[in-house]
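Below is one structure; the comments refer to it alone.
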Amino acid sequence: MSDALDLRALSPDAANRGASSGDDTFPTYYEQPLLKRPHWGWEVVTYLFVGGIAGGSGMLIALADRTAGEDAALARNARYLSLALAAASPVILIKHLGRPERFHHMLRVVKFKSPMSMGVWGLIAFSAASSRAALAQAARDGLVPGWLAFLGPRWFTNPAQALVGAFLAGYTGVLISATAIPLWAKGKRHIPAASVCSGFGAACAANAALLALRNEASDSQRKLERVELVAGLAELAILLDFRRSAGALGAPMFDGARGRKLTNATLLGGIVLPALLNVLPFHPRWKTIATSALTLFGGYALRESFIEAGKTSADDPRAAFRQPE
Amino acid sequence: MATGFFTDTTLCIGCKACEVACKQWNQLPADGYAFSGNSYDNTMALGGTTWRHVAFVEQPAPLDAPPSESKWLMVSDVCKHCTHAGCLEACPTGAIVRNEFDSVYVQPDVCNGCGYCVPSCPFGVIDMIEHADYTRPSFPSDGRTDDDALQRHGGVAGKCTLCYDRQKVGFTPACAKACPTDSIEFGEVEELKARARTRVATLRARGVDARLYGIDEDNSIGDLNAFFLLTDRPATYNLPERPVLPSTHQPAAYGSAALAALALGAIGCLVFRASAP
Amino acid sequence: MPGLGTSFGRGGATTFVQDLQNADCILIEGSNFAECHPVAFRFVMKAKERGATVIHVDPRFTRTSAVADLYAPIRSGSDIVFLGALVNWVLTNERYFRDYVVAYTNASSLVREDFADTEDLDGIFSGWQAGETQAYDTATWAFELEEVPRFDGNGTVKVVKRDPTLQHPRCVLNVLRRHFARYTPEMVERVCGTSRDTFERICTLLADNSGRERTTAFAYAVGWTQHTVGVQYIRTAAILQMLLGNIGRPGGGIMALRGHADIQGATDIATLYDLLPGYLPMPSVHRDEQTLAAYLKANTKATGWWSNTPKYMVSLLKAFYGEAARAENDFAYEYLPQLTGDHSTLPTQVAMRDGLVRGFFVIGQNPMGSGMNNELGRAALAKLEWMVNVDSYETDTAAFWKAEGVDPSTVGTECFFIPTAALLEKNGTMTNTNRMLQWHDKALEPAGESKSDLWLIYDLGKRLRALYADSDDPKDRALLDLTWDYEHDDARERRRGEPSALKVLQEINGYRVEPGKHQDACEQVGGFTELAADGTTASGGWIYSGVCPDKTTNKARNRKADDWTSLGWGYSWPSNRRILYNRASADPAGKPWSERKKYVWWDAQTQTWTGVDVPDFPLGKAPDAAAKPGADGLDAHSGADPFIMQLDGRAQIFVAAGLKDGPLPTHYEPVESVVPNVLYAQQHNPTLREWRRRDNPLNGAVNPDFPYVLTTYRLTEHSGIMTRYVPWLAELQPALFVEIDPELAVAKNIRNGEWMTVRTAIGEIEGRALVSGRMRPLRLGRGQRVHQVGVPYNFGASGLIPGDSVGDLVPLVMEPNVSIQESKTMTCDVRPGRRAARTGSAINAAVPPADRAFEGQPTTRGLERKE
Amino acid sequence: MATKRTFDLGALLGRARDGLRLDERVGPLPNLASQRTERLVARTERGRPVVSLCGYCAVGCSTLAYVDGDGKLLDVEGNPDSPVSAGRLCPKGSAIFGLTVNERRWTRAKYRAPFATEWEEKPLDWVLTRIAERVKETREQTFVRTTPEGKRVNHTLGIASLGGATFGIEENYLLGKLMHGLGVVSIENQARI
């Protein structure tokens, strides 16, 4: 071999030898990740998902109460549902902590700069509102002494549940966007909005399903289906725009196997198909239940692909060298 | 008083004394015995139980060039103790605090292991410590250390403390004290910055392409209390070229969430209307 | 090391590590300084920051090269050509420090007429005796003498004839010119593979940074010693430093970097077969030293410091045998065992293999990890009746009987393991690489049952003396008459049976013997100048004398440092000197060569030598004091002869006596080499020693089956047993790896990070491939491409990160002067994948028919004239 | 520093812990220091430093070993007073703690009988007695007074000793003294390797 031969070129991991060349081709450090991948698993995915439904339900209560009792059944279900989910959330959250016995340390501080901290306080506020609302509802339903109803006056619980609920549905998107993970940071204008839409849509689906199962308030079901349709289409639009704007950074989420899963489970199965079913003129119970199931599954799949794609994105040093502003 | 590290890579001989001195003082376990094949680097990155890491970058000269043109860059990486620290801002428990030495310090007894600080560090420094590391046979003192050390192990986040406990009694941090060639200098940050700027000038005068990393740069992180003198672009040393403070994304993120919520609310109001009597 | 010893007078580094910061140029060769001595390397970095130029010459681009200003690759085993060419360049360009060379070296001495050089005899010197002896008769390696009147006027005396004008064709400098005339830059390119311009840059740098105003320092380590010509490597560097005038001056000298904490101490207070403490030779039947008189006659020099041998020897015998050593019984000289051959490590290993050794003490050492020809080694251990291992961890040696492929039930060796205290768990003294004694206090109680080595030796001594107590056999008197009483003053320690290390150190320092009085009650001597040959003093190691000048002082425990010579920290032998031969830092008239390099000088007012160090010269001896021909000791030297240990008080460019392989360094190829010797017909060092036997096969010279140069080294993260059990270090370098260049990797289809196997005739080892452009294929003459393979010596079967040991590749061959193996340069073959499993067959194989001499001595390789 | 944070909200809230910077503009509530954090202090404060040496290479770096009241090792680091090392240590030196306090260290005497397949623990005294007997036995069998040529040698080549570079001067001296007393001549150490 000639002396002119460049040993670097011969070296089995030539790229890793740290040659500093053209501006956009970064010399990676032996292909090592620059960032640390989040340690979050299914618990966090579930938490994001459940929080979304709970928050969405909170919003629905206020809406349902605008119609002078037409949607009373919906409001009632939503109150019970939001409480149930609000109660489940901390359990799931605690489950994923490295030191679960220290969950209460979350209550040592209030940090506006920490979506995690804000979220915890939001969850607490929502739980408080939801429990009062549910208690009052129970009083009205005669499950508990009627006088307890004064604990949860609608003029207080409805706006509270609606506002905090909206926050609950959206902050999880903020939480992952406000990190160094390139994909998440890149999606700071899309992920939170998509989370809200997805959460709201899922809430509609869940409540529609409840009504369908109890075989009541079909008008409310139709209304929910309409709103869900809008939320779904909005979510679809947001995700497609995210894909466009993210470009290469979006690869972990939109390309390959995970991309296909997202397309099938969320975009097609969770949005398009339910939408099509919803616009069909006839409304048998099974259809409502089926569309709801599809929407819910799609919502879960979306949260999962956020988290999993985030891990892959964290492992890509080239993405990390140029962190989205 | 703000204290920190000035790591001058032109003085580093890659001996890894800093890595061992750190693990000795903080009683951290070994991370396993895998051979990487990547130059002389087998620890490969900072982590929950590796708080100093020496990177090795080989830049051999082509055979037709003089052998002296070969380069072997080494840098001892460490937590940057940012002016605006992503981990500290993200921590929901207040476990991560800024102490009187202006260092970013994780209180192991407060951390509940939520893991949010991990993706919030733009330098990929802080990481979770798996449970019960200290029972691993590789834990050198086989548990015979003080609780402070054991505290750190298990389900909490770990990173360089800038030897907070040592600084409290006026000791130099373990890594800086051990460094045989003064590649790691510890001191009052402003003083170090002045020294670093002079050093760069000296090296430039000697024809070395020296540059500072982590100070005098315009980015959302601000100056780093642990900054570096490099002779190649940051990416070569596995350092981000332009780190971004995660919380700067929040306004946009909250905004988009609010917008979506309002829109949906409005739509909802249109749909949920009392039907005309 | 005889390399430094014969050149300058003492076998130790001529300077101290702190002084490296004063160098204007530092040449590091035969050492991976930054990796193996990182903390000492800080002074190299300091020098660099002050503008000094750091040069690294090494087969591999190492962590030292990474911070050096100039790196020169070299073919392992060719250093004498490189250094010889430097000498030649300095001479032909007249860049040597003439005033220094004329005054302080033997450059002007005339060599005998019948001396014949390697240039005349194609690679051998005059006096070669072929046939049986296979060694040199060194008679012709001598100086021409002339008769001069004795200083006291009665009669005449023979002294070396000199030509201060350096004109005489037979003066040493001109002999040197001729000797190295063919060591040219072209030759360097052809033999070392170092490019001409790199080499010439180094020449210029060294010359420009030497002289009155500037000094250059050399640093080497085992990269120079572990060769069959190791001593001559160091000799060449010594000659170069003499010519450049860099010995005895600040920022100059030759820094010998030792590997083990007390390796210098273990040489000074020798646990070496051929030395007694203080570099007194062991009595040998070959020198016919049957009586004390004969011994003293053979080992006392008429002039120079070694005229004091009788004082030191008699004091040593008094220290050993106390009351039993009396004038009438030759101070019990006959108790000392006599040497009958080479009983060093390698011959002993072979003797062991051949069943001639039955019991073996291994104390804090791991020959199966750091040794040679491990297969033979394991077989040797299996031949033992018993082996005692003293260590803190299970070593490869202690566990040899369960090594890969070995069936324990076939190994009859009775093995003992005694847990030893860690350094923190005992007090005592260690001597660092620049001869500095440092006392360490005891911090902890020994863990578990562990005992200090001192406890063990003391206790074993007591037990043995008890076993022999009632013996009247004269052979046992040597044991029973030993002074053996070091009871600790501290009651707690005494109850534990821990002897007093301080009392031992006090015995080494020496005391005034008072009949009937216990040595604890005797007065200490203040230094070796107070020792006497009449039995009135005892000293266990004269060169350390002065460390404990009285019962309450222990200078090894001095802990007052300053920012320069720090004479108040520790104690540096001899007499607390930091730079040896520092008289040479002043010109013959006693004035510093330059203000910049001021160190020790003559103070005309006080009429004494003074300076920042302890002068290495008689304090009151004026610079203009004339030599007294025929006088004893130092009186025979003039006031301008700085090298007081030497016969003529000068540094020896030409070494007339003391070396077995030549008065001047000559390039010979290693035993295993990929090229023929292009300089001479003589391929190898003719005096090197080897074993020609089936269980010690050699690759031999230019063997196509082993086309690559193999070199070994150590990593900064490891030593061996002491690091492989420590998780923090094990994780940093968790596996034995093999460094090869990308070209070779491609040619052999070896992938980075994957398994590969290295093979020599001795055996095979497997490691992980580390393919790196830092390894550069070299191009020798006629476009020959040479690939070098590097394997670290730190790994082995025991510890957290079990792996193969390089010892399984290294053959048994010996350097003639110091019996060191050649483990720095060999030849090998490499292939991808893992090695074959070991069978351990050698252990049970019958002893091969060895053509061995008396007691398993090595045979000396005969001349190999190649056509 | 002052330019860095406009005000210390924690202090305003009267929640300041002396010296500890409490707020990082993160919210209305300050970051609180735990009691452990407030009490945190270098563990060396619980012990005293003993001046020792590094036992690895021959540079001779001085070390400080901190030991607490119960004689437990707390920490080993460089001794700043040393003119050689000025408190520095290489990776090996920095790991002295791990070398000294290590669960894999053998601190009991062990014995492996001929042809045995395992080590067994034995009392130290038993082991030493046995060693002394073996030494005497071998010495008796292999002691040579004179060579065939009739030269006095008074030595035994049946026993060899290896080691010295890793332990102290006093230990080297005493080992040499004992071995010479026994007539052992094959006394070697790493210096030759």
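In order of appearance the chains are A, B, C and D, and numbering begins at 1 in each one.
Throughout what follows, a residue touches a chain if its C-beta (ideal position, glycine included) is under 8 Å from a C-beta of that chain, and two chains touch if they have at least 3 such contacts.
Everything numeric here is computed off the predicted structure, so don't read it as measured data.
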Comparison of A-B and C-D (more C-beta pairs in contact): C-D
Innermost chain by mean C-alpha position: D
Approximate Å spacing (C-alpha centroids) for the pair chain C, chain D: 25
Mean-CA-position distance for chain D and chain B (Å): 32
CA centroid of chain A to CA centroid of chain D, Å: 56
Sequence positions of chain C contacting 2 or more other chains: 38-39, 42, 716-717, 726-729, 732, 752-753, 772-773, 776, 800
In chain A, residues with contacts to at least two other chains: 3, 5, 7-8, 11, 13, 17, 108-109, 111, 113-114, 117
Residue numbers of chain B (touch at least two other chains): 15-17, 19-20, 24, 36-38, 58, 60-61, 63, 73, 89, 94, 110, 140, 180
Chain D - residues contacting chain C, complex: 50-62, 65, 67, 71, 73, 76, 81-86, 88-96, 98-102, 104-117, 119, 124, 127-136, 138, 141-143, 145, 147, 149, 151-178, 180-193
Of chain B, residues touching chain D in the complex: 1-2, 15-17, 19-21, 24-25, 83, 85, 88-89, 94, 96-100, 102, 105, 107, 109-110, 137, 140-142, 144, 146, 148, 151, 164-166, 168-169, 171-172, 174, 177-180, 222
Parts of chain C lying in touch with chain B, wherever the complex brings them together: 34-35, 38-39, 41-42, 45, 61, 63-67, 69-73, 195, 197-198, 716-717, 726-735, 737, 752-754, 768-770, 772-774, 776-777, 800-801
Chain D - residues contacting chain B, complex: 1, 4, 19-22, 24, 26, 29-34, 36-37, 40-46, 72, 74-78, 87-95, 97-98, 101-103
Of chain B, residues touching chain C in the complex: 10-11, 13-17, 19-20, 23-24, 29-40, 42-43, 58, 60-61, 63, 66-68, 70-74, 138-140, 180-182
